[in-house]
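In the two assemblies presented below, chain A is common to both, partnered first by chain B and then by chain C.
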Partner chain A sequence: MLLKRLYESDRGGMILLAALLLAAIVVPLLNLAVPESSPFHLSTYTVTLLGKYLCFALLALALDLIWGYCGILSLGHGAFFALGGYAMGMYLMRQIGERGVYGHPVLPDFMVFLNWQELPWYWHGFDMFWFAVLMVVLVPGLLAFVFGWLAFRSRVTGVYLSIITQALTFALMLAFFRNEMGFGGNNGLTDFKDILGFSLQADGTRVGLFLASAIMLALAYLACRFIVNSRLGRVVVAIRDAEDRTRFVGYKVERFKLWLFVFSAVLAGIAGALYVPQVGIINPSEFSPLNSIELVIWVAIGGRGTLYGAALGAILVNYAKTYFTAALPELWLFALGALFVLVTIFLPRGLVGLVQGRRKPDRPPPRDETPSGETPATTGGPGA
Partner chain B sequence: MKTLDRLREHLRRDRVFDFMLPKVVFSPALDTRHGPILYLEGVTVSFDGFKALNELTLYIDDGELRCIIGPNGAGKTTMMDVITGKTRPDSGSVYFGQRIDLLRLSETEIAQGGIGRKFQKPTVFEQHTVFENLELSLAGPKGVWHTLFARLTPAQRERIDEVLEIIGLTAQRHRPAGVLSHGQKQWLEIGMLLMQSPRLLLVDEPVAGMTAQETERTAELLTSLAGRHSVVVVEHDMEFVRTIARKVTVLHEGRVLAEGSMDEVQNDPRVIEVYLGE
Partner chain C sequence: MIGARTAFSSLMFGLLLLAGMGAHALAAEDFTAAVQSLNAKNFTAKGEAIEAVAATGHDRSVVVLRAMLDGRLYYRKKDRRVVIVERLDKGFRLTDAATGETLGEVGKRKVRKIAINNKLRKRLRAALARLSLAHHDPRVRHQSVTEMLASVTPDTIPLLESALARETDEAVSELLRTALALAALASTDREQRLQALRTLEGNIQPEVANRIRRLLDKEKDGAVRAAAQRALTAIEDKLKFYGFLETLFFGLSLGSVLLLAAIGLAITFGVMGVINMAHGELIMLGAYTTYLVQALMPDHLEYSLLVAIPAAFLVSGLFGIAIERGVIRFLYGRPLETLLATFGISLLLQQLVRTTISAQNVTVANPQWMSGSLEINPVLSLTYNRLYILLFALLVFIVLLLILKKTSLGLQVRAVSQNRAMARAIGIRSGWVDAMTFGLGSGIAGVAGVALSQLTNVGPNMGQAYIIDSFMVVVFGGVGNLWGTLVGAFSLGVINKFLEPWSGAVLAKIVVLVFIILFIQKRPRGLFPQKGRSAEH
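This part shows the complex of A and B:
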């Protein structure tokens, strides 16, 4: 009953979830159960690549929630992604222990190299997985809270907000480049060995990480769907369409924006945390403004304001990127730019809009009782 | 100069500091024992030296339908901005009922406290259906957490149906507000105000751009609302004002020029002078 209603109200989302479920069953099977000699075998490299796409899809979902539904165009969402990634990276660094090049029991290699004598205070606790997970959620969330509180309270909107989010991620990139920050500077954090005791090189761990990404994406999708289908979701869209009106109706617009922004940042942080163990490195280039802009392009191409469109866009564009950068490396940026321009001009609602054809944009079914059997009221005429 | 004024304001001996005052609580039993529901006294607002409101003093009675007219730049919209908390006056006081000082409240608090405002340009939530527009405007808790889990109660549905009936949009309830005609949007916006169960409705140019027929219906709608709500209408259209107004206030250069019935006002030589050619 519930599933049926959900299917009818959100076909695209259901397809996305079904595809995720299918991938979660097929990909591990093809990788672990099918022998390597078989043509059906899926290499571990591909599994990791797919896992990476899912992390990007999660990140795109986070951006779509605030951009598509609330009209907040964040050009710095890569910052939250990277912060989540760094938190996970710090845990992975601490797991290396004595196996580092310098063999120091506590200090990561780069600190030994810099002649540091002891662990900086903010590195404490990261040897525990639960603490790292807490930080993955807390650090991006807290930054988003402080940033959002200041920005929304001052009623910074539109392009000005986009610019300061861009400045935020740029500033963080410059900061993380510095060796004195204690995050490995230019090189970032890498050379990870294992996670929760499982070797990161093992096929089983890779598959596990892929599954974790798929499950997280599905859960995040359902959470976002729940939010946009609730009255909160309708308030948020109202803020996007007529902010002043929403305020005079009696909603504290700043709070709605703030909490949505924080939630979105947390999702981005989680995406980063799942991304880092799969690619095996996190460095300050993840903060680069270009990454955040690319993220916006994924969402625009997929179709914003649909959630599943953003996920689809992220996966497709990144697949194309993998293909192009291998086949025609010099053409990729042109292709991306052309794609963005074409989509903006011809498909304002993205690829999802193309599939939906001329149908109305995705919207929840009427909350009201069935429209049938309505009193055929006289056409207008108030106060009659 | 401005800092000096602020300092003076702080050092006034006839009142305590703001933070010592008891927290404002809107109660359903708004204190209107002395008649007026809204008191504006000596309100001055200046923008770069230009006085949009100049020592404006105005009282609105409980349940009254009041029309406010005046030439362009007379301060009509600024007055509404002051009442709804959008603009803070340089001096003067604004009270809702006997005890609620509106100058100490934010826009949201004022809206929640029972003053609804309709903008000059109809602003409804275009992507939402008519029904959802009214749902969002429901009176009641409007916190982030509450709205995440909010469900409509039967009583609330009934209330929405009732308002749909009043504004005559029952047949359009499932259509997106964006496709409504200009007049219907205006009515929807009035309906959204009604959902908040306001004590005072501020309506800015409700019939601008309406056809004659729509204007007539709007007039009926507004007159039917008076009594249960106090309604303040700002309007340019003299014909419209004549059909609905019992009492008219003429604003000019940020102050009240004349007040009375439409006939009295129209025969006032000062008003004639301002509205030369009218």
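This part shows the complex of A and C:
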């Protein structure tokens, strides 16, 4: 029933889901069933790359939910992504067991290297998958809850919020670079061997991770779509367009923002957790403010406030990045920089807006109404 | 022992420079003869020759004895002339030991070293110490006594006493008395030790505390122990106080860097409400301008900074105006989009520098007057570059304040920032004011870059290091308030430096960031919030 209603109101989303379904069928087939000699064979490298793009799409979806629909521009979403990744990385680290370079039964290599005698308390429990998954959800969620509770309660909005989220991820980056933190310092966590008993090097595991990412992205999309179509979603859009007015009408603006922020952070954490086993490493540079800002540009290019646009933007920009950094490494940063400038000036509604045509001219919002200065009332799907 | 020797070498290097300057009208032949006699057959004769050279009191005697101690005193085989050599890749460059006349370069086989043994080394050091204590420049005497503090023994007392009797300079006399008291600490007479401790109470020469600690280790006499303890406590209290002053200075220095980095931002962000993520890159452009200016005028390094300051102001200012006219103008009223677009510009500028100049860091030279330090006392010295940058930051602040408060541009800027529509209605060209304000803020960033090039590495990524800090300063101080920026910068700098000894630099930074995040929750508009209508925007 939900699908039916969605099909009627959300053409773009249906295309995205159909594309995901197609990929989920075709990619494993081309990788596992087609022999390597065939020109149709899809290498495991490509499968992993596609899986990585899907994780980024999930992350972009998480950001679009709060930026596109609630006007909260978080420049620290990479932090939640990385925290989810670290939680998964810790599980994978514990799975290495005695196969590490130093062969210690419990301690990961870097702890042996640092002469640590026992496992720090926060590493306990990560040998169990369910516990790690719980932490993937809890740690980013809790951080978002505490941070958001403090920030929204004292009505930190707009650019101030953006800047302190950036400070948050910057502070976390500095912290995780320290060896004393017990997360592997500079090098982070790497050398993973297997997940749930399946070897990470095996083609089957890679395909499985790809499928998990695709399914997770589809589920997250449906959940986000459900949220923005619900009554809560309409309040959230109202908050974006006129926060004070919504407050005066009688809604607890802070609570809506807080729950949406926490949900978004959890999605980002899950994206990170799916990302780490596929790329095989997590290190503090994932916290760098640059990553979080790049994430924002994926969403902006795809078209914010559409959900599927964010996923599209993430996949397109990362494909371009893969291509350019290999072919023309000098040009990539020029291209990225130019994208930021051109998209904000000429494509305020992103590629999706371009496809849909310029039905509504963009106008700056009245200044006294939206301190966050978001784009005006362009609501979500094409049906709006 | 080795430490004392190297300290001694550095002292002698200083002497070497000074000795070359003046020439005493002494019997030159006597000196030449004495120097020639250094090349004697046996060590006993050489020892006498050393005393003879020292006794002449000739300016070059220090140079010659020093060279002998360092194993650089040779003689030329063909005429047995005593020479000082400088080792080159192949062979030696010779200088006449007695006259300082250059004798050209020769192969290694043309000269032979004048050998010395340990006994002669000891004698050479003693002679050099005597000579330096008798030097005519009080600064040299001061330094030589400082170096001697580490090695004074009761044997040195006569030497020091005779020096004290001759001494005319107050600071050197003071130091000589310290040295005498240190020597007396090792005395067997209890009264003398007590007397010495009374003299040394609160003396912060690093050697004094060491000596007293050593004395405490083996001293048996109760009264002496108590006196020593008291003297040591007084010293430690003083050290603590100066340590505090030093940390404060470092904090203020960091604060001045933050102020310079943030003050341009305070204008563009505070006054205009524009988030300029490319601000750090405008600082970087200023630093690179310094580099280019120095490359263009390699012979006038001393003045390069004076040229670089206006040049950097112009370069960064013009870039700023271009950014404002080309991009930001289309995004007024949409701060989040401005943030993204200017971030893109920052990537472009970084990559521009990487491709046109170099992806590596470049070296920017410090002019002579920026290096060295102002020594207030043996434990507290302030480096000139930090001191000048502190003063420079304050100067920039005052100039900026005057521009905003006293000029017509400043008046228009404030008018536009408070109410754009009304300002336009009374005939202010708001577009022009925007461009000028942005240019001014960017130009100041460029000037900050000149200052920072004297403290840190100059590279394409240097701007990134400052952008978050600068935003923190502006937000902490209160947006739209230059005084807030001043207070914010200095308090963050000082807090950071006082946290560092406890927690390490990285953790201090994290603590400060977390502190600001919490602070903004409490006071979302900073230390000095704007009041009135403009506060609502």
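Basically, the second predicted complex is superposed on the first by the 352 of 384 C-alpha atoms of A that agree within 3 Å, B and C clash if a C-alpha of one lies under 4 Å from a C-alpha of the other, contacts with A are read in each partner's own complex, and residues count from 1 in each chain.
The definition used in the following text is that a contact is a pair of C-beta atoms (placed from the backbone, for glycine too) under 8 Å apart; a residue touches a chain by one contact, two chains touch by 3 or more.
Note that the structure is predicted; figures quoted are calculated from it, not measured.
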- Query: Should A:I282 be classified as contacting the first partner (chain B), the second (chain C), both, or neither?
  - Reply: neither
- Query: Looking at the overlay, what does A:W259 touch: chain B (first), chain C (second), both, or neither?
  - Reply: first
- Message: So in the superposed three-chain picture, is A:V249 touching just chain B, just chain C, both, or none of them (first/second/both/neither)?
- Response: first
- Task: In the overlay, answer first, second, both or neither for which of chain B and chain C A:L336 touches.
- Result: second
- Would you tell me the residues on chain A in contact with chain B in one complex that are also in contact with chain C in the other? 367-368, 371, 374-375
- Query: Which part of chain A faces chain C closely enough to touch in the complex?
  - Reply: 73, 147, 150-151, 153-156, 158-160, 162-164, 166-168, 170-171, 174-175, 177-178, 289-290, 293, 296-297, 300, 330, 333-334, 336-341, 343-345, 348, 364-365, 367-368, 371-375
- Message: Touching residues of chain A toward chain B in the complex: what are they?
- Response: 227, 230-232, 234-235, 237-238, 241-242, 244-253, 255-256, 259, 360-361, 363, 366-369, 371, 374-384
- If you look only at chain C, which of its residues touch chain A in the complex? 275, 327, 330-341, 343-348, 350-351, 354-355, 464, 468, 471-472, 475, 506-507, 509-510, 513-514, 516-518, 520-522, 524, 536-537
- Message: Can you tell me which positions in chain B touch chain A when the two form their complex?
- Response: 84, 107-108, 111-112, 116-117, 119, 123-129, 131-132, 135-137, 139, 142-144, 147-150, 152, 157, 165-171, 173-174, 176, 183-184, 187, 190, 192, 196, 217-218, 220-224
